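Here chain A shows up in two complexes: once beside chain B, once beside chain C.
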Partner chain A sequence: MQRILIPILLAGSAAAGAATPQQLMQDYTEQAVRQAPGYQPSARRGAELYSRRFAVSEKMPACTACHTDAPAQAGRHVVTGKAIKPLAPRAEAARFTDPAKTEKWFRRNCTEVLGRECSAAEKADFILFLTEGL
Partner chain B sequence: MNPAKRSLLLLAALALPAWADRLPIPADAPPAFQTECGGCHLPFPPALLTAPDWKRVMGKLDKHYGDNASLDEKTRRELEDFLVRNASTRSRMAGEGDPPRLTASAWFRREHRKVPQALWRDARVNSASNCSACHSRAGQGSYRGREIALPELRDKH
Partner chain C sequence: MKRILVWDLPVRLGHWLMVGGFALAWATGDSESLRLVHVFAGSTVMAVAAYRLLWGILGSKHARFASFVRGPRQAAGYLKSLLRARPPHYAGHNPAAGLAIVLLLGLGLASGASGWLTYQEIGGEWLEEFHEFLTGLMLGVVGVHLLGVLVGSLAHRENLVWAMVTGRKLGEPEEAIRGPRVVAALMLLAWTAAAAWWLSR
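Right, the complex of A and B next:
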């Protein structure tokens, strides 16, 4: 019984927007494993994704354009100048706790910076890096 | 006219109450106004553009001043309706450009005519759409001259 109940409770809390970064990373990991069996999230790949210069967008060539080289620091929107709270959950506890919000920003910012949507594997790597660092 | 009298007159002219010291967010704003529009910039007061302007802005969110700000249709419609409901009817508020910019209306330009050109490009400001760089309480809908954050601008208001 307990084995059935716990996933239901977890899914319920995730739907209400009160997940943890670990839960989100786990969800993305499960998706990634379905696409590529044996996949394991990697903070190193996440860090590489975070700092890689894609140069698809002139003003936003990389994540770091707005979020700075250090994701635990506050950033700044490179076009509008608006202050951006740190992306790393260790510095800003609300980050990656709302699945819908997380999906929205991955979709929007991956399209902008990479020129395509990010894969589940990339998302899991990214969250792992931002949660635990290197 | 002696210099003291002249500076007093000048001061009086500069101290004339501006029309838009207070631009609070209308009470009928849907939550998405803060989370979506306010996600990348200050959620701009709807009264700073006209209804046709807002329709043009909201009609092409995939090309939003160089950024892709697409929304699902329900949210997009909800925000467009809110912006149009609270838009200005004054022609001085008509934005220029495609999509129209509220920082290019006749009203905006007149209100900011004393701001030196170089200051718009100052690292502290970055963009004319960065209201709160100078208007320290813009987030609360207040644009009073005495709240201006940059010391070199404060004596101009």
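Right, the complex of A and C next:
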């Protein structure tokens, strides 16, 4: 029975995207190390990325445009005015627990705000900052 | 056969509104700064599809579902006949086009509704995923539809894209519709503007 049940339970949890932000950060860190040996994630770089003004998009020049200067606070979509739950996992536990969703939104939002996709190193930095703060 | 009026104005206008709405919605799907444009474009598709359902009952001869909706078997039979030298000619929609219309109307309504519910934050993440699946499926059907239009145009030596602009196609004079139905087309415009505005608030 256990031989059947355990894989089913594991598959179920994977489908629900049950990972932790630490695991996701670790995955991105491993990717980044393969690209640049010696890389270590940095919350300071993550904070800098979070607040940097790229000004690629006029309405959304930086992450802070919608997510505010304090990622543990609720944000507000600058175009639709709709409320956005806090981006930081310490305030909103569901954040960065689904690898596919995380990838999807990094791809969309990096492309729009930075004008390019984010690197694995930037993603690891970003998640570390949002998880632990500075 | 002569060139006769086949497509009334609501059919043509609705067709091109759907083309524009779907293309714009697709192009803006990943953008947050163009989110309102995306919602308005998707709402346009939904509004036009809804009007088309009514027009499929009340419209002129070749606009009515009863005149062109056939089963998948007849659609497949028509597609096979395209490979032969002389496929049967239809003044209105052929059976394969009829199937494409039903699918595109259904997908236009379903992807619009799922997108709208997602925008209103009803339904959650699975609905967002479902919306993306449906729009991808719709793009696929659009691709097949375009291929069908190309093959049909070549097989019948008739520019079917231009026919959807002018409303005129080859056919027997008694198959022609009497007029372009301008009032119903104006109602389509008014309805679409109002519905799309209301939906994208």
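Assume the second predicted complex is superposed on the first by the 118 of 134 C-alpha atoms of A that agree within 3 Å, B and C clash if a C-alpha of one lies under 4 Å from a C-alpha of the other, contacts with A are read in each partner's own complex, and residues count from 1 in each chain.
Operating definition for what follows: a contact is a pair of C-beta atoms (placed from the backbone, for glycine too) under 8 Å apart; a residue touches a chain by one contact, two chains touch by 3 or more.
Every value quoted in this text rests on a predicted model; they were computed, and no experiment measured them.
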**Request:** Superpose on chain A as described above, then tell me if chain B and chain C fit or clash.
**Result:** clash
**Request:** Name the contact category of A:R44: first (chain B only), second (chain C only), both, or neither.
**Result:** neither
**Request:** With the two complexes superposed on chain A, say which partner A:G81 touches: chain B (first), chain C (second), both, or neither.
**Result:** first
**Complete:** chain A residues where the chain B and chain C footprints coincide 59, 77, 79-80, 82, 101, 108, 111-112
**Prompt:** Which residues of chain C touch chain A in the complex?
**Reply:** 30-33, 35-36, 119, 121, 125
**Prompt:** What part of chain A is in contact with chain C in the complex they form?
**Reply:** 57-60, 66, 77, 79-80, 82, 101, 108-109, 111-112
**Prompt:** Can you name the residues of chain B that touch chain A in the complex?
**Reply:** 35, 40-42, 65-70, 125-127, 129-130, 132-133
**Message:** Applying the document's contact rule, which stretches of chain A touch chain B when the two form their complex?
**Reply:** 59, 76-77, 79-82, 101, 108, 111-112
